[in-house]
Amino acid sequence: MGRVTEVATTISHEEILDWIRRFAADIEAQRAELVRLDTAIGDGDHGTNMDRGMHKALEKLEAAEGADIGATLKAVGMALISSVGGAAGPLYGTLFLQMGSTTTGAGTLDVAGWADALEAGVKGVQARGKAEPGDKTMVDALLPALEALRRAQAEGADPAQAARRSAAAAEEGMKATIPMEARKGRASYLGPRSIGHQDPGATSAYLLLSSAAETFASS
Amino acid sequence: MGRVTEVATTISHEEILDWIRRFAADIEAQRAELVRLDTAIGDGDHGTNMDRGMHKALEKLEAAEGADIGATLKAVGMALISSVGGAAGPLYGTLFLQMGSTTTGAGTLDVAGWADALEAGVKGVQARGKAEPGDKTMVDALLPALEALRRAQAEGADPAQAARRSAAAAEEGMKATIPMEARKGRASYLGPRSIGHQDPGATSAYLLLSSAAETFASS
Amino acid sequence: MKKLINAPDAVVRDALEGIELAYGDRLRVSYDPAYIVRADAPVEGKVGIVSGGGSGHEPMHGGFVGRGMLDAACPGEVFTSPTPDQMLEATKAVNGGAGVLHIVKNYTGDVMNFDMASDLGKAEGIEVEAVVTNDDVAVQDSLYTAGRRGVGITVIAEKISGAAAEERRPLADVADICRRVNAQGRSMGVALTPCTTPSSGEPSFELGDDEMEIGIGIHGEPGRYREPMAPAAQIVERLATAVVEDLPYDSGDQVLAFVNGMGGTPLLELFIVYRDLHRFLEERGITITRRLIGNYITSLEMAGCSITLLKLDDELTRLWDAPVDTPALRWGA
Amino acid sequence: MKKLINAPDAVVRDALEGIELAYGDRLRVSYDPAYIVRADAPVEGKVGIVSGGGSGHEPMHGGFVGRGMLDAACPGEVFTSPTPDQMLEATKAVNGGAGVLHIVKNYTGDVMNFDMASDLGKAEGIEVEAVVTNDDVAVQDSLYTAGRRGVGITVIAEKISGAAAEERRPLADVADICRRVNAQGRSMGVALTPCTTPSSGEPSFELGDDEMEIGIGIHGEPGRYREPMAPAAQIVERLATAVVEDLPYDSGDQVLAFVNGMGGTPLLELFIVYRDLHRFLEERGITITRRLIGNYITSLEMAGCSITLLKLDDELTRLWDAPVDTPALRWGA
């Protein structure tokens, strides 16, 4: 990796760490935008919450050098659970914890391993939050991303391509939340007044996948 | 009176009643303006207070038909004391009570009688409020009005002329409060920030005298 | 945004320090993880009661910690549910051997975080029960929402459950009483202005000079309906009708009436609301036998109010009247 | 202007009705003239304590009527001193034969109206003493002002004098104690926003998004200085320095610290102010041994706060701690 001509077929632990760092940076950059989106149909804290959590996660990673991918992802999950709060804390926390469980001991992941991990994470989110597609939540970005990843895997895509395709699907899923009427979370209290606004959690979920795509593409 | 060619040399009880009614009407018309002035350097209630008080005074007068000038003025004073509150209530209340005391039993007043009454009223205001000329209070309109009235009396003016001249002096006194720094009442808390605003109490005091001038001129 | 704060992300910590300095004789404050606990916790043999939620609703919940009410409160960031580690540590700190009741307002975040804490507590061998309050009639409790929000009844549930725990009732009983309060309570609120969280710095919604938001929650979120401003009596009728018809409260019922300010409404106005509510209920034959008027569950500096009714019986009345000794609610002590 | 009211000129009356309906078991309300009085007044042999002032400062004064504090309160229109007839009737209603103390905030209107009432009361054979509070260090007490305003110390003076009266101390003593509280107390306040009276409908002043008014009173009047907005710790330093240096409060002093919200400031922020005040005083060797934090003397929905200190001695501390049982202050009862 690092050499332009070679195509990487696996994701290294270092790339996973880079992904976490880039996700944290993207959240920080989009913090105000996430707050704005959450102000429209929620309570205006999603950007602040995620930013606080990702800073904590980075601190934890500094402290815990040398572990495997599973340990890294679990550490991120624990950091989020104990610092984000709100709905996003348990949901993103669970997502990372579950991704960590399927990757315990792993030093690298191929596309299948990455997809398995994401699937476990998304299933964890659904188990905890009970959201179905169409409820106008992060699930509306996560599920299409997972499906696109599985398709890419079936077609033999490399990690960079696969991540790019899942990010594109997440973006579409995120935009598709705009016309939806929320049925889960705080936005559901608004009923029809939630229509016309993009879901903040779906937006941070898109960042999760776009930061992976950018990380894996540039390595 | 009522006939244009004759010049009235006295003020009748009916004219005193008309004066009270006109003063009440002028206060009502200027209520918002008085509130605005009091908002700038006070607490924004002078117009509402005076308007509430003059309505009460009119109610009282309705009930107490046929009394003399002194009784009428005292009734107005009592009504103001028990309904205006704030600084203006005791001050205007005292003014009318004192005017009433000097006119007990009177059915008409000549210019001297009118001036004696006003002097008693203004002295009452000063005794109660301890304000000196230049303190930026109603006294700055009342005292010049009284002085002008005394001059007019000395020069043998009729009630209409005398009232016109005292109203003009009140108006000047009122305007002269603009550059003053308040030393009494709520506006004094502002210190130099009170400069540049016209005193609300001096403004209502001008209305007191201008309504007399208008009433006595048209009778 | 103008606030008496030092930095947006220091708000909760600074305020906790203030609470500790002010009430250190009766409360202890833990900072990491953050929770406020009775100085004498755990009380041997007494059910411990833990609540918590986002900050910005003061005095709820920290102001309700003390004898006869909560044993501990977990403050989250402003309008953000606290985290499971806070709740777990608070649960451990108040467990006097008789188990711990979690009183949770029904919001997705609060419920999920308390769920995790409850699992963690049980894993450590502590008996934990949770009661979720959901009294807000502005939200339909259906498959298409996250369910009714927990609002004003939470304050009353904390007081009454606290009194039951103080009587050394077992956990199952205390939880039952708490559920009964929730089941017999209903609320609805109105906002005349939005509020601004320190971290966002922007008003939570835009509202015209002659508009109000009916059916708001307590997090500055927009309400269910935007309507033209109206006189107090009409607003009360609007809110109270929805509340009364929901349970429903019927002629002959005795109720506790709770007129709550959202933080930026003068008490003077709350008295007017109370008057209009009293008249409304009187016309329907409903009698107010207990009342609470003031700012108890707030949304920062939002102007507006909420109305909560609780149908009373002898037991609930007695528990409401029992002594309480907390920074924000205090009587008989 | 958006308020939970029915009509601007019905505000005081409607609120009084609410107070009567809410607290009718412990208070009586007279409407014409308007005053609120302890249900058991007059208390035989006890000095009666009457206060009053414009409305819009709730809970002051009506919320402080009850055992251990005021016997009666006279509410004026919003921000307008009440009238002598109200005060006279209240004085008569609370005279239990031991005389009546008037606690008057130093404003021209309040002082003149209470003066007249006192004269009328004496004319009816009632022994009346008046104490005028004037603790606001923002105003210079000089020939060039109406003197210092009475602000936060009034609440504390009412509590402590009430306790002294409850001990059946004679009128001269109760008045002396009240004067001592005033003499040992100082205050200063800040506004972050103006307020709007129902009858004017307009904000009491205009303030930029990054400005504050330092040295405000409680009637929405502009302050002494307009300054750029600053962090809480700096604002506290600004206010507390003026307060501490005025009396002065010295190292070794024990004080009651009263952090008061102006009506529209979240309690969360008041806790931060309290923390910063504690630190400020600690650095100067001044110890807070008693405290009061909350909205007690307000300016409608104004955002901001005031800081009041009272130098304590054993007697004042004991009287502060004595039981009080009013709608807004309650302990030991």
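All chains are identified by letter, namely A, B, C and D, in their written order; residue positions are counted from 1 within each chain.
Throughout what follows, a residue touches a chain if its C-beta (ideal position, glycine included) is under 8 Å from a C-beta of that chain, and two chains touch if they have at least 3 such contacts.
From a predicted model like this one, the values you see are computed outputs, not experimental measurements.
Chains that touch both subunit A and subunit C: there are none. With centres defined by CA atoms alone, the chain at the far end from subunit B is A. Centre-to-centre spacing of subunit A and subunit D amounts to 55 Å, using the average Cα coordinate of each chain.
The geometric centre of subunit A is 76 Å away from that of subunit B, both derived from CA atoms. Centroid to centroid, with C-alpha atoms defining each point, subunit B and subunit D lie 33 Å apart.
Residues of subunit C in contact with two or more other chains: 78.
Taken together, the touching pairs link the chains end to end in a line with two free ends. Going by the touch rule set out above, the chain pairs that meet are A-C, B-D, C-D. Note for the complex: subunit A touches subunit C at residues 35-36, 39, 41-45, 48-49, 52, 81-91, 128-129, 181, 183-186, 188-191, 193.
Only residues 2-7, 11, 14-19, 21-22, 55-56, 58-59, 63, 78, 192-193, 209-210, 212, 229, 231-233, 235, 263-276, 278, 288, 291, 293, 295, 298, 300-301, 303-305, 330-333 of subunit C touch subunit D when the two sit together in their complex. In the complex of the two chains, the subunit C residues touching subunit A come out as 9, 33, 54, 76-85, 107-109, 112-113, 115-116, 138-139, 143-146, 149, 197, 199-200, 202, 204-205, 217, 219-222, 224.
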